[in-house]
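One chain, chain A, appears in both complexes that follow, with chain B as partner in the first and chain C in the second.
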Partner chain A sequence: MTRKFITQQELALLVGNLLAAHTRVIAPVRDEEDPRQVDYKPIESFSQAVFGAAIPRRSMKEFFLPITEVLLSYKLTHEGVKITEVPTQAPPQVIFGALPCDAAGLKTVDKVMNWDYRDELWFGRREASTIVTFLCSVMDHTCFCTAVGLGPEDSKGSDAMLIPYEGGYIAQLVTERGEKLFEGVGTAATEIMISASEDTGKAARAKVEPNLPAIPGELSEWLKQNFNHPVWKTIALRCHGCSACAALCPTCHCFDITDEHTSAEAGTRRRNWDSCQTSTFTVHASGHNPRASQSERFRQRIQHKFSVYPSRFGEMLCTGCGRCSRVCPGGMDLPTIVGELVSLAKSESEVSGQ
Partner chain B sequence: MNIYQPHLMRIREITDETVDTRTFKLEFQDPSIGQTFAFQAGQFGEYSVFGEGESTFCIASPPTRSGYIECSFKATGKVTSALRRLAVGDTVGFRGPYGNHFPLEKMKGHSIVFIAGGIGLAPVRCVIWNVLDLRDQFKDVTIIYGARTVADLVYKRELDEWAARQDVKLCLAVDPGGETPEWKGMVARIPTAVEKTVSSAEDTFAVICGPPVMIKFTLPVLEKLNFPGDRIYTTLENRMKCGLGKCGRCNIGPTYVCKDGPVFTAAELRALPQEF
Partner chain C sequence: MKELQEAARKLLSEGTVSVVLGYEMGPRGVRAAFITRPEDVGKLIFNTSCVQNLTTYLNPRRAQITQLGRPAVVVKGCDARSLAGLIREKQIERDKVVVLGVRCGGVLEDPESASELTAETVSVRCTGCKVREPHLADQLFGELPAEPPVNHRREEQIAALEKMTAVERREYWNNQLERCIRCHACREACPMCFCVKCTAEKTQPQWIDAAATLESNRAWQTMRVLHQAGRCVDCLECERACPEHIPLGLLVRYVAGRVEERFHYEAVDDPTVPAPFGMYRPDDEEEFIR
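So, the complex of A and B:
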């Protein structure tokens, strides 16, 4: 992997050149009304971007799986129905200052989007995007990326990762796309710089690690075997079923498909974000609902993230970003809940082992 | 073409099965798709009315009959109500075929008992015609079909056809109270009808579909007859949107109805979390 030293000015120039070439650049930007809050947004100038200020409120999945998107448009005519396809190729976009957990989430979701049938709308945007992450420095007590096999210095899903270093950054160029973006920019990093950037990474890890010990692989099997465990009856008592957790989650990707008229003769078929936490998600036309209670719906969320996805795709459907915990109006704290399930699984295996 | 893009199909024929259940015979508007379109018994599709949305049903016609597909639906929700408002010549969208299928190859050379209740005959009918179109490759064929009342029996014209065939043993039943003075079939619920009609599980596969309560009480009857769990096949329906394993809605624990199903054996169903 190539490592370069890039000054702040060089980064500003690079972003300026991209904007001048009309490439969409997305970066963390302060909310105008509440400057403590940061959101990923398309920027018009480098000065709008704020790196290392706060965890953006929403993950960046909306730039790959929009909150609502057109799948096709239709026109009803006397001769029949006319369908217009949507392009699956997306215009290029570069994301600067992505959190490593958000970049990793995209890589995780790639697997289901490519499961036998390739979702070209998702991959059209993935292939048109270059993701530059910043080594995470904004972690708080709710983060648990290190417990799900990631970390503030993990470059999974990154094309390049920037690590702060004396007036600039050490750029780790992870993919060819990352190499290309930084072509002709910066100077080769020295041994001292590389060693310093590795120390920065270790220090960042040390800040997250105490929050939750690594989730053992055995949890997946325990969850599978304990679908009817009494713990599910009480675990979700504080869940309102509002689905805010899923909206902010970098890996939740469930969606609905609906038709919307734009006039009497025309309209669009759309894909909209949806969530397994809502009461109508699985209701049959007959009224029968396989997941009728909130505890069943919350069990689905935990099972999907920590058992179903790992057994299908070999990794957890969670990046440990902690957004679900921060947003929950009922105070459901995922690291605490998962930690309790892990202890429960361990204590039961000890009992049965005796 | 992206994976959510439907084919356009024209309604060639409409048949009313009961007061609320209707069958469409559909043909591809683009004949070249019609020529290459292939599916297997038990697979499903996403049918749509533009402006109303998509709905999931099995393909009710057999793969042995090409050039068209059929679907049967009951006007229940938004899309099925909109489908009901359509006329011959109108256009619907179709994506598919999706999911797994009944193991016809495995069943060849054996006897089959088909058991269906109500509109549950739709997916079973697809297999029945598939088998009857290749009749000499199978041993005994028994069909046990029932509904709440005589008026609720679907595919009546085909029931007559099956009754007239020497190579099919047909048993029709309606629930007590659902019979008419002219009714010549049994007055019994499905589990009883199975008990009275089927004498042995030897060398036989069972294909069963109907309301959950019917399946619940029929499975023990089949087990008593010594049908092993892996020779009883059924098909599940859960709410779906994509049909492609992406939208995250139809899974029962680790099992995706759209990808691992919709066809399951009784043994597979028993191993699933009881959340369907």
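So, the complex of A and C:
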């Protein structure tokens, strides 16, 4: 992996050049009304971007799976129904200052998007995007990326990762796309710089690690065996089923497809974010709902993230970003809940082992 | 709150109720507690961080809670109004729930903050509170504290909105509502949003598009706020639940103000007083019907 030293000015120039070439650049931007908050947004100048200020409210999945998007439009004509599909190629975009967990989340979701069906719209945007992460410095006590096999210095899903270093950054160029973006920019990093950047990474890890120990592989198996465990009856009592967690989650990727008329003869087929936390997600046309209460719906969330997805794709559907806990109006706290389930799994396997 | 804990212990150990819905300290501040064993009553607290309106959990269609059995619920004066609303609208029966009222001198805006209650940190809904002592309570706890600190931030915002031209006001709300992602968290957290099937989900006909576009977001919030007229108790759970920080409290408060003006009614904690949505009065102002 190539490592370069890049000054702040060089970075500003690089972003300026991208903008001048009309490339869409997305970066964390401060909310005007509430300056404590930042959101990933397209920027018009480098100065708008704020790096390392806070965890952006939403993950960046909306730049790959928009909140709502048109899949096709249809029109009734004398010759029949005329269908126009939307193009799957996307214009180039560069995301600067992404959190490492958000970049990792995209890589995780790639697997389901290319499973039984290849989602061309998702991959159209994925292939047109270059993701530059910044080593995370905004973690709080709700973060648990290190417990799901990631970390504030983990470059999974990053094309390049920038680590602050005296007056600039050490850029780790992870992929060819990353190499290409930084072509001709900066100078080769020295051994001292590389070792300093590794120390920065270790220090960042140490800030997250105490929040939750690494989730053991046994959890997945325990969940599979304990679908009807009594714990599910009471685990989600305070959950309102509001689905704000799924909206902010970097890995929740469910959507619903609806046809919407724009006139009597024409309309569009759209897909919109959806979530297994709502009662309508599984309700049948008959009115029967196999996930009748929030107990079953929350169990689904946990099972999918920590058992179904790992069994099918070999990794958890969670990056430990903690957004679900921060946004929850009911005070549900995922790291605590997962920690409790792990303890339960351990204590029960000890009992059965005796 | 020793008395509250003791009352909860008594109710649970004598079998009067199966669950006490109250407040506890969670990993991220105060949150709802569901106490089912007498030995756990020590978890129950009440302080200025007890922001949540727990009557939301009494929705009869929350099967995971109803399966616990007969509840007792801790209510502040303001929460007692939505409890009255649920009784008035035949969602729950008064004698099926034990009401543990707490006297309250205002709560913070954010249950995760442990700040002192000041004019800056107090919830805007506490200003001018008329129900520091919940009238619906079976048992009352605590001394009556001083009146909450005064914060007119919301009245000022509403006044500023009223001063705007229609075009400016539309612009303001467009800027707010274009952020809506239609997760419907506002609805799920609301104690008075208990419909079996929400208009937002009706497809035959489809009143509101499911897509989060500005037009449908506007239609959704307009519909929701109109259905809340004279029913909303201003607990601001909707605003607190909104992941996009849309000032939904301004909408519901504005509509409540119009109901007060036109129908001389505000959501009260007496379930026997009929609300405008559910009654007809010959002297209702009807000059809009021509």
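Definition applied: the second predicted complex is superposed on the first by the 354 of 354 C-alpha atoms of A that agree within 3 Å, B and C clash if a C-alpha of one lies under 4 Å from a C-alpha of the other, contacts with A are read in each partner's own complex, and residues count from 1 in each chain.
As a working rule, contacts are C-beta pairs under 8 Å (C-beta built on N, C-alpha and C of every residue); 3 or more make two chains touch, one makes a residue touch a chain.
Since the structure is predicted, the reported quantities are computational estimates derived from the model, not experimental observations.
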Partner chain in contact with A:Ala128 - chain B first, chain C second, else both or neither: neither
Which of chain B and chain C A:Ala54 touches, first, second, both or neither: neither
A:Leu13 touches, of chain B and chain C: first, second, both or neither? neither
Contacts of A:His284 with chain B and chain C, given as first, second, both or neither: first
Partner chain in contact with A:Gly80 - chain B first, chain C second, else both or neither: first
Which of chain B and chain C A:Ala196 touches, first, second, both or neither: neither
Contacts of A:Arg118 with chain B and chain C, given as first, second, both or neither: first
Touched partner set for A:Val138, first chain B, second chain C, both or neither: neither
Which superposed partner A:Leu248 touches (first chain B, second chain C, both, neither): second
Shared chain A contacts, counted only where both chain B and chain C touch the same residue: 256, 258
In the complex, chain B residues that touch chain A: 1-6, 8, 10, 29, 48-54, 76-77, 80, 91, 93, 237-239, 241-242, 244-254, 259, 273, 275-276
Residues of chain A defined as touching chain B within the complex: 71-72, 74, 76, 80-81, 83, 85-86, 88, 112-113, 115-121, 224, 227-228, 253-259, 261, 267, 269, 271, 274, 276, 281-286, 290-291, 296, 300, 303-304, 307-308, 311-312
Sites on chain A touched by chain C in the complex: 33-34, 37, 57-58, 67-68, 142, 233-234, 236-238, 240-244, 246-248, 256, 258, 260, 270, 272-273, 275, 278, 280, 292-295, 325-331, 333, 335-336
Chain C residues touching chain A - in the complex, by the definition given at the top: 26-32, 34, 52, 56-57, 62-65, 67-68, 111, 181-185, 187-189, 201, 206, 209-213, 237, 240-245
